[in-house]
């Protein structure tokens, strides 16, 4: 039940984009069409789930034993940057079609605050390795959901007479705001009442 | 004024034009004081990283430049974290996870990569100052709008007898709470960006 | 009586307006002094001129010969001198060469008679040859060359011959009157078509709003001993389209991009069957047809047998002229017919009606933004999404529109008819197809 | 205290070193060959994705040049300068002496000169209107003025004035020929960039017919052909054409002599 | 030929249906009027002021926005309809600035930031309502006792849904039901409800006064939502005119009722299949939402299957929010959440074209 709770929390209740503002840059930048939004969403989910586990391991088995918790920012970003690069290389080698689909997004993920964000939040919120992993996947899925919905909405906007100052980014932000407004229906009470 | 300095304020405003560093721009813009604190942090890190990158530009192998920049930036961020925790624990608490996230603030990495690594120390410093100022202005503007509408207050630092909070009559009694929430932040950002687009468009038409 | 059937998806109910002319017997139109006979009155390659300026022709002569596989001969209905050959606009909106003939009075076609017994002996090939020689094209509207349609390709076989007596277009009664007045000839024509196609059975589909026609055909079939089934159909536009008719009658769907023969059917119009009868028994080429002249702006709406090449003006005068100023004159039915601007436009093989519509009937309105009400999607009998296609075409994404089955659109008009925003959806589809053709050429 | 700093330093450098080493090893092992020239060529191209080259945008063209040996001179917006740059990247010699062309509307009609046969109602698009008797204008060769060219122009060089006349600003036009491709009546045709006079009519109807429906249409009077053939004018199918030759004075004179004034100076 | 005698040439079809966009908007508005009159009757003239103020504000915003875009759109009726719906969604005692803000936000931001009618992707009226609801929650809970209540102790009272939601904290664990619980806490009812109840009871059918009150609208609630009966009449009118099709309302109400029936009883420890369907279907804004707001053409899917998916989604979300969330209602939020999914539904749920064996997935 706990894992379902984590999933619901990160997908609906405190969605990374809609309530925490983590990963906004790609959310706005890569949501112009659905194909790339799906690619980006899956790439982020993939990296997030691995990164949250690896950073947790580093934190608990390297930083904590040496009492170097204050180095977590540097250590995490290093790990994430290398991880992203490694993932990029591996995908390129083993699955060129997947690389074609996800590859261009991977460099963007290094500086995606959602990845570092989940790593940092996991340290404070989750406890077991499986929870960490679930949290990573859930946050990624939340990102995926939001960015795909956004891209569908933006595709719908193509060809509509959007006023010039609102074209593109502003309309996307306002759409995001309206999405967040609607997602406010999902609150903590819902989760606790539902899962007991 | 020097153009390296001024361009960041309006023409290349990191928030409204370059659309960089949006996560903190929205995440910490609930109160003006947070926005100012965040801006100070960004200023420090940007200045530090631009200086270091500019100085070290000839020593960093091009292949390893991004990781090196990240390490430099991360170090400064860690310093900021420590300083803030020690001297402004309240601010540190309310900024939360966004302080370490300065590391991935694209403005800083972007300037390091696009500017400091190819320019002189002096220009890099000016660039950092200008960009930070632009970032601070953008961030403060968003925070101002959000706090005024969402809480009816303007929160600043308590100085002397002044408790640090300006209350706006009427609005303070019944603020549109939504603006202090996430949905309001995105809406404000969208509307401000639209306004910015409209303004720069009409300015271009004038000239 | 059989249970009424219809097709499954889409369809609309425009007011049928059949009352105006359904009780009007077919009258004759006097011969005009000048006729203009276009060389392309059928789907496919235009026929190539077989006469030139100054030639004197007799009624029933071929004046343009079929060129290419899908094409049909063009005959002149009246004799006279060819004044010139020039390009004219036909209702479909493009220009084709046409012969302008100064009619020699009293030069009408002399029918010869083949007895029923002699006709019985003709082989399918001979029949097909007659159909081809007489330049018969489908009279339902699309005017597909009949000899091509009736020749079942090798490896395929026709199980059912469906005779289209649906006439789902509002206003029109040409087929209706034909069935009432010429049921016997019609059925004989069907028997020849059955022989040409080798179809095992024949079903005549007639919409429920034509009880007289149904009675006439059933009566004649009983009298002459034909075992053709008359299938009553629920009133629903566009049931007269062959794909919808096949679906209504047999329940089968013609595959996308395929032909009716792919599901073992041949569909042809009652008018075509009558033309086949006349070609076989009277050796008469197809150069005249029944035209419904109707619409609220016409004084005495009526059904007229008119010769190809007769200007619209004459038929309208025959029907008493305009009772009020029409805002639109339409060749064909109101749903798929073409608005014309010139009353000298000639009657062609496919001209099933001439309608003069008033402003009130047209219901034109100002175009407003799409509110995605989905009425076009609901009404589309082909299961397409007209609004989506329109937006794709509007944005110039023609290839994407093609992937969304643009080419399956047959411009039946259900989407435009039902659109409350008055968006010109059908025109959008036509535009998309035109741009696709341009892209590929 | 000192040991703390030492630990920090050591652990970070160890981490960095390990990761760097790992990445280096991985990159050796997992390396995939990539053509650097694609990127370089793409940078040299203008990047407006107009598609005039026949490929799907600039990056597709860059790939075609670098990997599949496509011609380097296919980019009209970039002109010879770009072609030269691309050729030098690719290390090939190419002929850059092509003249640059701009689009021009070969029709001077506007709402005042046009007469129409019927009221057209439907999509505001030339190709859509063309489906119905080639547009409502009596002249079947003129500009329909519904602005399909305006919509396809990637650089907004085409405008429609308040009287409904379509014009191309040749200083903005990049010669991508998109408008030429989209124009159903083919009144949009290319002319040399430095031409100063052109024939602003496309009607091949006889003079009498043209006079009935247009005040600025070429009537095929042959004055230009007879008097100014050395300036490159000739008549074919009742329509005047020009080769943009001769002296400026001759061309000017031709313009002045043209009765319906359809030989026009390009603004 | 002169201008007058020239014929019109346009693409086929040459005739069109008489419905227009504006006609649709005005018909929907018309269908809403009876329920509004009832609302004004039970909640007093002030609620009329609220409705008129909303309409005026949204019409003004529409006029201004269209003016900026050089368009004239006021006569298409969409702004008036938006204003009307916002007014209907306000509690009777709402501070008057709230409907104004909601209307302006709805029209200026939710609709015109995307280009006006047809371009918005979220229902403006509901987005406006959500906006003010989260901004001024207490102002949006200013319920008034209907004038038809026999024993009105005070001016304001919680809505039935609200009363049960707050009351549940105390009674959870005991046997009971939402409807029965109203009686337990001594919730008022009207003379009309009593009369209907006794008439039915004398005919041998057990009907409590609350049944009639919920159905006819003698309960506190938003101005336009209380009279389920008149709203249903309006809905039937629209269905008759084919402006509203059955897919969305039916799938919405049925899926919601089904979930309520199956699960709601668990809140009272009565186990599965014991929910108060009547109470939840007629006790709040469901009928207004399902018939008039979820069916907003612009923000609902265009295909039949899409509409059914959308309706079921809205039903499930309303159930979730209302039963498990912290809010007693949930209709408007459920609908705007489903609005977010509409572009996705439209993209992936497409009709099967005639003569095509298998639809190719996605938009491709």
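Order of writing sets the labels: A, B, C, D and E. Residues in every chain begin at 1.
As a convention for this text, a contact is a pair of C-beta atoms (placed from the backbone, for glycine too) under 8 Å apart; a residue touches a chain by one contact, two chains touch by 3 or more.
Just so you know, these numbers come straight off a predicted model, no measurement behind them.
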>> So if I look at the partners of chain A and the partners of chain C, which chains show up in both lists?
In response: D, E
>> Farthest chain from chain C, going by mean C-alpha coordinates, please.
In response: B
> Where are there more C-beta contacts: B-E or C-D?
Replying inline: C-D
>> Rounded to a whole Å, what is the gap between the Cα centroids of chain B and chain D?
In response: 43
> Measuring from the mean C-alpha position of chain D to the mean C-alpha position of chain E, what distance in angstrom results?
Replying inline: 53
> If you average the CA atoms of chain A and of chain B, how many Å lie between those two points?
Replying inline: 22
>> Which positions in chain B are in touch with at least two other chains?
In response: 67, 71, 178, 181, 183, 187, 190-191, 194
> Which chain A residues reach two or more other chains?
Replying inline: 71, 74, 78, 82, 160-161, 163, 166, 170-171, 174-175, 178, 181, 183-184
> Hey, what residues on chain E touch two or more of the other chains?
Replying inline: 6-11, 109, 113, 115-116, 118-119, 131, 134, 346, 363
> What residues of chain E sit close enough to touch chain B in their complex?
Replying inline: 95, 101, 109, 113, 131-132, 134-137, 139
>> Could you list, by residue number, the parts of chain C that touch chain D in their complex?
In response: 89, 93-95, 338-339, 341-342, 364, 396, 424, 427-428, 430-431, 434-435, 438
> Mind pulling up the chain B residues that touch chain A in the complex?
Replying inline: 19-20, 22-24, 26-27, 66-67, 70-71, 74-75, 77-78, 81-82, 97, 100-101, 103-106, 109, 178, 181-191, 193-195, 197-198, 201
>> Can you tell me which positions in chain E touch chain D when the two form their complex?
In response: 1, 6-11
> What part of chain A is in contact with chain E in the complex they form?
Replying inline: 34, 148-149, 152-153, 155-157, 160-163, 166, 170-171, 174-175, 178-179, 181-187, 189-190, 193-194
